[in-house]
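One chain, subunit A, links the two complexes that follow: it is found with subunit B in the first and with subunit C in the second.
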Partner chain A sequence: MNEQAVIRTRGLTRYFGAKPAVYDLNLEMPRGCVFAFLGRNGSGKTTTIRMLLGLLEPTRGEGTILGHDIRSLPPEIRARIGYLTEEHQLYGWMNVKECGEFQSQFYPRWNEKIFRGVIGHFGLKPAARVKDLSRGERAGLCLGLTLAPEPELLVLDDPAMGLDPVAHRSLIESMIYLTRRSDRTIFFSSHQLADVERVADYIAILDRSVLRVCCSLEMFRNSVQQVRLRFPGAPPPVPKIPGLLQAFRAEGELRLTCVQFGGATEQALRALAPTQMEMVPISLEDAFISYLGERGEKSFILSETEAQP
Partner chain B sequence: MKTLILKELRENVKLALLGFGILTLMLALNAHSYSTDLKNLGAISDSQQEYLQKYLPWQPLVSSGFLTLTGFFCAIFGAVLGWFQIHNDRHRDLWAFLIHRPITRTGIFLGKTIAGLMLYVLATGLPLAGFVTWVLVPGHVAAPFEWAMLWPLAMLFLSGTLYYFAGMLTGLRQARWYASRALGLGVALFVSLTFKSEPHLWQALIFILIGGFILATAVWGGFHSHGFYRGQPAAGKPALTGALMPGCGLVLALATILLVESLLRNSDSYRWSDYQMTKDGIIYKVTHGTGDQSDIVDLAGQPLIDAKTGRMMGTADFNRRLCTRVQINPDFGDRAPRGRWFDRDCYRFTFWRATPDTLWYYWGRYGRLVAYDIGTRRFIGSLGPDGFAQNVSGDGNRFGDGRNNYAVASRRIINTTQAVYELDPDHHTVKSIFTITNAPNETIGGIGEVSLNGYDWDYTIVVTRDYIRLLTPDGNVVWRFAYKPNHPDYGQISVAFLDSRNQFALWLTPSGHTQEKTGWKLPMQVTWLDREQGVLRSTDLPVLSRNRREFGREQKLMSLSISPALMVMLPWFNAETRLKDIPWVLVRYSLAAALVCLPVGWWLGRRYHFTVGAQMGWTAFHLAFGIPGLLTFLSVQEWPARESCPNCKKLRVVDRELCEHCGAGFAPPEKTGIEIFAPLNVTDART
Partner chain C sequence: MINLSINTGSNTPIYKQITDQVRLAVASGKLAVDDPLPSIRALAERLVINPNTVARAYADLAREGLIESRSGRGVFVTRKRKMFTREEGWRRLEPLMDALIGEAMVLDFTPQELREAFEKKFGQWKSGKGGT
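After this line comes the complex of A and B, so read on.
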């Protein structure tokens, strides 16, 4: 067991009614890394984060964050955790300066320089009311409020959600600039795969409430592979292959995305008697999408009617 | 916490200012309406005096209109303020922004509560304080004032804080609006319904404090658990349960009342009988039901036939034939003070009479009539047995003994323990019309002014321990009847005035207290009297009133919906509580309902695998609180889903680590072959 784990869960589960939103989550996150938490909408990312921060009671299982039970986080531990919520909600009647003043009263390690730096980066005027800010500006303000206390652990719930490319770039730059310190740990959920590729050391993927991936980014990249099989006519039906993520069927061609492509998988594919079998390079984004997308076989063979121009 | 208080103040100050404005406006209208009423008084006829006595707010601070307005406003504003304070932060992300900061949940609760109560005081306390100040400034209100009159207002103001906490709880609770979300308001409602009825002020205060403590603790727990029952601190769970139970009880009681009303509306339980006397001195037994027509029979049981129509006489015709009856409940100072503290503090004085330029009140504290000038609205002087005085206490001479504020029996007369006086407010004089002589131990316990046509003063009834006397207005005795053997058992006296000017009927009715002691066996006594011939005849009438220890079907049905514990506790809310006041018959019904709830609660506890301690605790709860308790149990708990155990195939709750049936753990997620797991080490990742 990693003694340096900042976040550790064991069998963490949360039901909403009879439906599990997060099921049996076992996770250990080492200190000083950037950890990307991925999954489709509704896969349980936000629920997990809310449980980790003691904002939602787990149905069963347990967890610790910075060594403390997530069910009873004391104020001194909360002071060491910065949390950026996904919708960047703040008190609409406050202005930017008041937000900073309000937040600074609670944090003894409040760094006004960082706060000013971040809001300056986003071009926010101190007198601007929160309710008049754009979504991107609000995200910048939230980021400033989250970073200024200089937290040891940053938990960012889809920080780039709904931001335009410029605001998005600003946010990521701020994140990278201000958090790339060896003692700081970042746990963030995102749908922006480019961000993940750019900043993450580790990734975890939740698939329909269940954790399927938890490894380094490099390992994930190496584990997901695509193979193309060519056939003289229509490709045969795809047999049951271990680790198959997706199969794309086209005229005389079968393209399969698999996890841990190895001996057993290769053997099963060769049994289909293809005329050619070759490994195709796959981008990280494609690997993510095949992982997060619908599993099963997809066909690109068009019927005659559909093929007419 | 200071920052949080300031934030809350800033966030909700608009609501508070709105409340402040509305209440100030309403109080200003109240003051204006009082001034207008006084200006419009003008000449007041005798027939208007009774109307004035009943409907005009002589002292605006204790007028029912003002107190109702204050009570409603404090309750509504408190609930809205509490709810808004939570609602403002209740968006999921905003709640996280509030909660996830280095401050304890208790700190957040206190920050919100302190700010909320400050705003409550601003919105309600300031306008009320302003109104009290206006009343206190001489020349504004032409009526007596005592500091104790502020207690009803203070208690209503204080009870508004219960609604404040109930509003917060409603905002916090994770429950459906149509189900149990707003049930916390039940505590505040229950306290509001009961605290006014208490015999003593301290009891009312304790009620409010207990209600406030329960609600505040439930809200405090709600901050720890984000509004859920699960995750509450140890004190929060019973507090939340206690906060929801009165609401469940009230909802259930309302439902039961509706059921009883619809099912048993026409039953015999809704019929009652009394005796009536016509102007010719004949007694009839009248049985009232739910319709307009009553059954009227004579004492032999023969229906009363209308001679003109030959059919049974209608109620309206019968009522026209009834004689005038004047009732007196004498009090010789040997009865413990009864009644509600609320009424005692509201009626520290009573309006007596208005002359064209003066308002007269009987002020119990001084036992004297006090006069206020209508024009200047200032105190003029007081009237006691010794005559008029410029100050309020005279030389200490007083009419009443100070035990009650209702010594004024009529418009023209008033009594001390030894004499009856005729009052002349126009000339500021009093004249003795009757004095007890040669019987130093005899005291006057009650007097009655009789007006047969509603205007003129025809007779005076004077009741002492030894005699009941009927006097003419100038004090001459018409007849005298011995009261001694019947006192104190027959605590209700009424004199009927018959067609013949010289004939009367004296009714002596046992008090309910005596009837309870004697098993409802004492008959009513009626004696016919003649001015010249004395006693003509007398008769005993069998008891008609239902023994209060006998209960009808609807009461038994109602008791099923009331907690046994509440049923046992209810009589203890009265001043003189005795074990035998507890309605044990109804308690038995309530207990029977509780016994039915026991297996249901036990079964649910087993189904969701409660701990032994929790099972025992809830069992005791169900036994004590019956059906309302079971409803509370169902409302307060978050019932986890159940799913089939892969090992034993039985349904198991999802919030336990191990199956309650076979002890197996939950199956790990099924492997699909796409899993990629590797131990994480930051050094590896960085390199």
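After this line comes the complex of A and C, so read on.
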């Protein structure tokens, strides 16, 4: 694409034994966007993130992050990346303020105002002991520690996991606040499609180690469509049409969820001679689920780069 | 200022929820010419959504001539310009009417019932309670 890509991988692959955890991953992430990384549990999201950050050696393939080879990231590049892991690691005997002081020693660009802003937003008192904090409070503290060095690239591995609704909202608000600086990029993995809908510009979907979607959220929503066909009697059997993701048969009705509904699909459907045929909008969640539903199909790959002629 | 709201999990994308609400508010007179809209940043923070989504919605509304950005002062409702010819307007309405009538027939409504429902709806729109 261009030099503006913050993260870029080519054929990135990682095996654990004989089993591929991530297979032939081609990812490109523009600078200044909010990028959501989706997929079911065990689909390879965390393995991907760990490879991107140089914490896990790829079996083959290559990748760059902020323009540097992920196999040899120098400390000054790492310092420009903020990484929030699934498991927050903190020293229980420190208080909130001490955690900030400790962390700030490692970062020349530490911004104390941001640290105080974030912990204040999560309602944390500076004198509170880490071991006494709730899960949501710990998440707030970790987010503060991650954001205070003003990273150019923020990588959040399932940040919403286990948060109560109030802490969760604070997290999303903090992410939106970050978009004030247009050169900041956020890469987050999540199962919360409501969050994705609120904050993401781009999405990538991993399915059983393989990347199946990598495009703007808008393109994804426009590409996955449901068509409703009406018939006078029982609907015909589900036809073989290009891009079919899911089919429902009901009384006098056939509902098909398709990706990249085009002329060929339309022709095939018209041939069934329905009395009525209309496109029905569907929610992001329905689109996501139909994409990852149990059909064993892996052929419909949606990507911005491939879609352009 | 207009009170916009959004729902996640809807069949309608968030940017479209915003444009629909603004269009409706202008059409029903809740928003008048020269009324201000929140800034992109302010609305994004209030609705807790990506500012790009608000920008996308505002861009669509500006393209339709419904709102405009006045430099340094904010975003305002503008005089509604006529965007489409009568023929183009009909071309856009036709499929919606077909869908409505098709649905009504499947649900066993008579043309007479539909006409009455239409009249009732028009009445609601005129009194400013439309679309709720």
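In this text, the second predicted complex is superposed on the first by the 286 of 309 C-alpha atoms of A that agree within 3 Å, B and C clash if a C-alpha of one lies under 4 Å from a C-alpha of the other, contacts with A are read in each partner's own complex, and residues count from 1 in each chain.
Just so we're on the same page, contacts are C-beta pairs under 8 Å (C-beta built on N, C-alpha and C of every residue); 3 or more make two chains touch, one makes a residue touch a chain.
Here the structure is a predicted model, which means the values were calculated and not measured.
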| item | value |
| --- | --- |
| Which superposed partner A:D201 touches (first subunit B, second subunit C, both, neither) | both |
| First (subunit B), second (subunit C), both or neither touched by A:A18 | first |
| Partner chain(s) touched by A:E57 [first = subunit B, second = subunit C, both, neither] | first |
| Of subunit B and subunit C, the chain that contacts the larger number of subunit A residues | B |
| Touching partner for A:R230 - first (subunit B), second (subunit C), both, neither | second |
| Contacts of A:E278 with subunit B and subunit C, given as first, second, both or neither | second |
| Subunit B versus subunit C as contact partner of A:I172, first or second or both or neither | second |
| Contacts of A:Q267 with subunit B and subunit C, given as first, second, both or neither | neither |
| First, second, both or neither for A:L193, with subunit B first and subunit C second | second |
| Doubly contacted residues of subunit A, that is, touched by subunit B and again by subunit C | 201 |
| Subunit B residues within the subunit A interface of the complex | 2-3, 7, 10-11, 91-97, 99-104, 107, 225-226, 228, 230-231, 640-641, 643, 654-657, 666, 668-669, 672-682, 684-686 |
| Contact footprint of subunit C on subunit A as seen in their complex | 34, 169, 172-173, 176-177, 179-180, 193-194, 197-201, 218, 221, 230, 276, 278, 280-285 |
| Touch list for subunit C against partner subunit A, complex | 8-15, 41, 44-45, 48-52, 56, 99, 102, 106 |
| Touching residues on subunit A, where the partner in the complex is subunit B | 2, 4, 11, 13, 15, 17-20, 23-24, 28-33, 50, 53, 55-57, 59-61, 71, 74-76, 78-79, 81, 83, 85-91, 93, 102-103, 105-107, 201-202, 207, 210-217, 219-220, 223-224, 242-245, 259-260, 291 |
